[in-house]
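Here come two complexes built around chain A, the first alongside chain B, the second alongside chain C.
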Partner chain A sequence: MKKFFTIFLLYAQHALEYKARSFVWFFVILIDVGVYLLYWRGVLLGPQAGAIWTLPKAISYYLLLLVAGTFLQVHIEEEVAFEDIQYGRLSQYLLRPFSYLGFKFFQELPWRIMQGGFGLITLVGISVLTRRVEVTFHPEMVLPVISIILSAFILCFFYKMIVGIIAFWTIDYSGLQNIQAIIYILFSGILIPLHLLPEAIRGFALAQPIAYTLYYPVLAVQGVFSQEVLWRVLGTQWMWIALLYGLYRIMWIRGLRQFTAVGQ
Partner chain B sequence: MVISVSHLVKNYSVHKKDPGFMGSVRSLFHRKYETVSAVNDVSFKIDEGELVGFIGPNGAGKTTTLKCLSGLLYPTLGSVSVLGYTPFERNHAYLRRIALVMGQKNQLWWDLPAAETFLLNKEIYGIGDLEYKARVSELTELLEAEEMINVPVRKLSLGERMKMELIASLIHTPEVLFLDEPTIGLDVVMQKKMRDFVAAYNKLHHSTILLTSHYMEDVRQLARRVIIIDHGKKMYDGALDNLVKKYAKHKLISVVFETYVPPDKLSLIGELVSYSFPKAVIRVKRSASNIAAAQLLQEFPVDDLNIEESDIEDVIRDVFTGSSGKA
Partner chain C sequence: MKRYFAIYRQLLRLNLSTLLTYRVNFINNVIGSVGWGAMSLLTVILLTAKVTSAYGWKREELLLFNGIYGIILGVFHMFISINMSRLWKVIHMGDLDGILVKPIDSQFAVSLWWVNFSNVFRILMALGFTVWMIHVLHMSISPMHILLFVVLAAAALVLLYSLWFVILTNLIWYSNLSNLVLFMYSFESMARFPKEMLAQLSSSLFVIVLPLALAINTPTRALLNQLSLPDAGTLFALAICFWIAARRYWRFALHHYTSASS
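Right after this comes the complex of A and B.
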């Protein structure tokens, strides 16, 4: 019996050492439940929202979200955190005369194009089969919409790079990454359109940068916005890009002082 | 002067926890940190074209020093200058003139041939087509690796991968090369090839090379000058030959006997290292080696006798044990 108690104490030490991770897993469940509560609240108590979100619009929204998610949702943060920072592969980049940021940007691009292609084929296939996808097309809106899509990718890239380089300061990155993933799903509009969120958090949800990586680009492609709003969305995206780039630079410079090039 | 290190200090802050469950509970409220000094007040200078052996036991601070020199780590204190640059500023002009090769890690793409990494480095370092071809040709010839550059890296042996790694790191012809355990894990044949290559490269390009290795043969074959570091402190900096004279406490007397001599009698002269009649090797105190040799010649039927310096590895072991306070 004593050996089992010893095992228990050993893992109790482990849990205490990784207390942040324990909290994160509790937080994951809490947020999961919270998101579904928000969703049903939106569906049951939001008659106005219900009027705006017809079935074809909802189908279009989620199908466009699928394409946007594959094209625009950057997945660089885990590689930056685990392989580059925690396993020390960053050394190989730091020793050569080029920009790490630039390298990562062009490293991610082919993956987005390929996965986005799959998403696009799926969208076209379902559109043809169901004829329920509604996209309003105005020639004068092509330029701002394309600009919003490209800017969304750049914005998402900076956001994910910031998430990745947090690994300079923590050894328990996986817990943090899980929280980030949930926050991203919630505030990018992947689970529910942000306009369906309760009023108390809707304002924040629509203003924060994650919304500009997926939610606004999808609405822009759907043709929901006027030309004036489109340009405003684009301007806000670039404001966030500038802010996130500044934040990234500060974190990068400070983080490098923490970097120990472990294992390299 | 190509490399100048002055009073370099690199400290790390390490979390310490008391053992057991209660230690974890205490650590929850009062987290204790301890400063570990990886490099402690190390200074040296290296001239252009020098090939210097940088040696020390595990955890001595060799790799940390190399990382500070190549710009990967910020020193806690002290100053470092390489080619007139401050390494940790990672100026691109500086990075174009150096390379750090680590024996245990690589920059190659696992699923692609090494040639793809060479091409990427060609673009990164802005090397022209003709120059690139000439360099790849020179390096593959020196390393006898012409056939391997188009084979996926995952299909290469450890030695072959090391060759590719060297080519990738040297494609821009760095003036300063930091080699961290370049022969680790390689068989003796491949170790020799690597040593020959490093010597040839140093001679051909007059590049400055700082080499760390656990294999004394690497250092013995390549470096005339060695810097010994232990527990973050510099123990010795000078010619390899002088190291033996300065630190060797013993000499080895190699004797060939005409007739059999009982080993217990030889043990009276000094420490009997080996005895397989007719040859015996006896370790004696350096200061008493002449007396011991005379005693052997007078008292035993000696056919041949030689007094030799201790093996370099033994000498270095003496330096390390002396520094750690062990007898």
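Right after this comes the complex of A and C.
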């Protein structure tokens, strides 16, 4: 564990040195969230107000999504696919006395804390200066909500690692990366809260693992769920984590046999 | 000028050869570009699924608006943004050295070297969707409307290019900001919403997004027969101003380029 803590500290220095990159990432999410919020403002202040959603709920949802998007949305897949697998840098990791998965996890964590910090500062600033954001404050809810947030990060990490190591089997990863990004935006709740999706895809959208990386954590913090539902969400998250970890292991073992170690 | 047309013709030929050599890559890119095009349309379809109007625009008009966004952005991504995506690498890895010693304009070389032919499918998809929405809205489009649309769309493309180029020129100083391109994609996506929506921002923020607000709104309004002359005039004026600014800023930035791996 000490080794991983050292890796975390090393990459924390990295994240601090390149904080401008984190700031740009933060802005990418801020723009998306801001635009959708602006759209809903126009809709929910019009004659259709209340029938679909309410403005205070929409504001809370998108502001919490800003923090969740910056803290929970892992961006490791591009580095795994391009730098490590396609350019052959993975060989360096294979020779080192720690697991690749653990290394990547603790490499990513400081970046998420840094970007999440930007999101949190914005959220607190808005709450203090303009509008109080709806969040749950019941003491009995705190433990499951925090567990859901941490589990969402782990789940997103495994999902993105799987996406990244698909590069073992591809020559050009960019098309796949685009498709993955589209699927993530659509099914994580960034574009629209999943309960507002058309009925035909709502059931699927609410059940698939990507929903548990952003959508459910945001609703949990908003205080939408009862305690029983919170524990059920947590249980489902860990079911997905177990399944994705299993899939990752299978793909990793098979992928290493494909890896030529000198880049593709 | 004639020389640059000849060079560009050669570049198109080279890009076509690359496409024919790496066909699987091309299919992969087609999937990506069509996917993003579809996503852009799907975004508005989903956002308006339970809504009849927003900011005075009917659902069908918003969909038409996004079809037009798809056409203009498809052309932009085909000829321009593929080069912008590579700019950070060109600067960070020192490839700009090689470009600067070539006997051609460096801005031309970094902006137009690559062509992403896979975006043809995205453009066709957006075009089909736009024609369908025009049919749904029972609009009658005259050749004059189309001519006006093409002229305004060309001005919008110049404006978008200049805006991207001004911001990405900063990579000369901050070449590790590879995600600045993603920021631009995100920033540019604001253009797919009506100007009335962006006008809800505070006046200082609206000034920043005004070029984007006009880029797609003005050509769309030309098709809808709602074109306002001040908007068209502002679009042309901004396109010219940003073009000059992009050109001057690039030349200024090159004085600060510290060569390989800067």
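To be clear about the criterion, the second predicted complex is superposed on the first by the 208 of 264 C-alpha atoms of A that agree within 3 Å, B and C clash if a C-alpha of one lies under 4 Å from a C-alpha of the other, contacts with A are read in each partner's own complex, and residues count from 1 in each chain.
The criterion applied here is as follows: a residue touches a chain if its C-beta (ideal position, glycine included) is under 8 Å from a C-beta of that chain, and two chains touch if they have at least 3 such contacts.
Small disclaimer: the values here were computed from a predicted structure and weren't measured.
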TODO: Would you mind checking which one, chain B or chain C, touches more residues on chain A?
DONE: C
- [ ] Considering only the touch criterion stated at the top, classify A:35 as touching first (chain B), second (chain C), both, or neither.
- [x] second
Open item on the list: Output check: A:92 vs chain B and chain C. Expected answer is one of first, second, both, neither. What do you get?
Closed with: first
TODO: Would you sort A:232 into first (chain B), second (chain C), both or neither based on which partner it touches?
DONE: neither
TODO: Examine A:198 and indicate which partner it touches, taking first as chain B and second as chain C; both and neither are also allowed.
DONE: second
TODO: Pick one for A:57: touches chain B only (first), chain C only (second), both, or neither.
DONE: neither
Open item on the list: For the complex, give me every residue of chain C touching chain A.
Closed with: 22, 24-25, 27-33, 35-36, 38-39, 42-43, 46-47, 49-55, 174, 176-180, 182-183, 186-187, 189-190, 193, 196-198, 200-201
Open item on the list: With touch defined as at the start, can you tell me which chain B residues reach chain A in the complex?
Closed with: 12, 17, 20-21, 23-25, 27-28, 67, 70-74, 90, 92-93, 95-96, 98-100, 102, 105, 107, 121, 124-125
Task: chain A residues touching chain C - in the complex, by the definition given at the top - done: 18, 20-21, 24-25, 27-28, 31-32, 35-36, 38-39, 41-43, 46, 48, 51-52, 171-172, 174-179, 182, 185-186, 191-192, 196-198
Task: List of chain A residues in touch with chain B within their complex - done: 9, 12-13, 16-17, 19, 88-89, 91-92, 94-98, 256-257, 259-261, 263-264
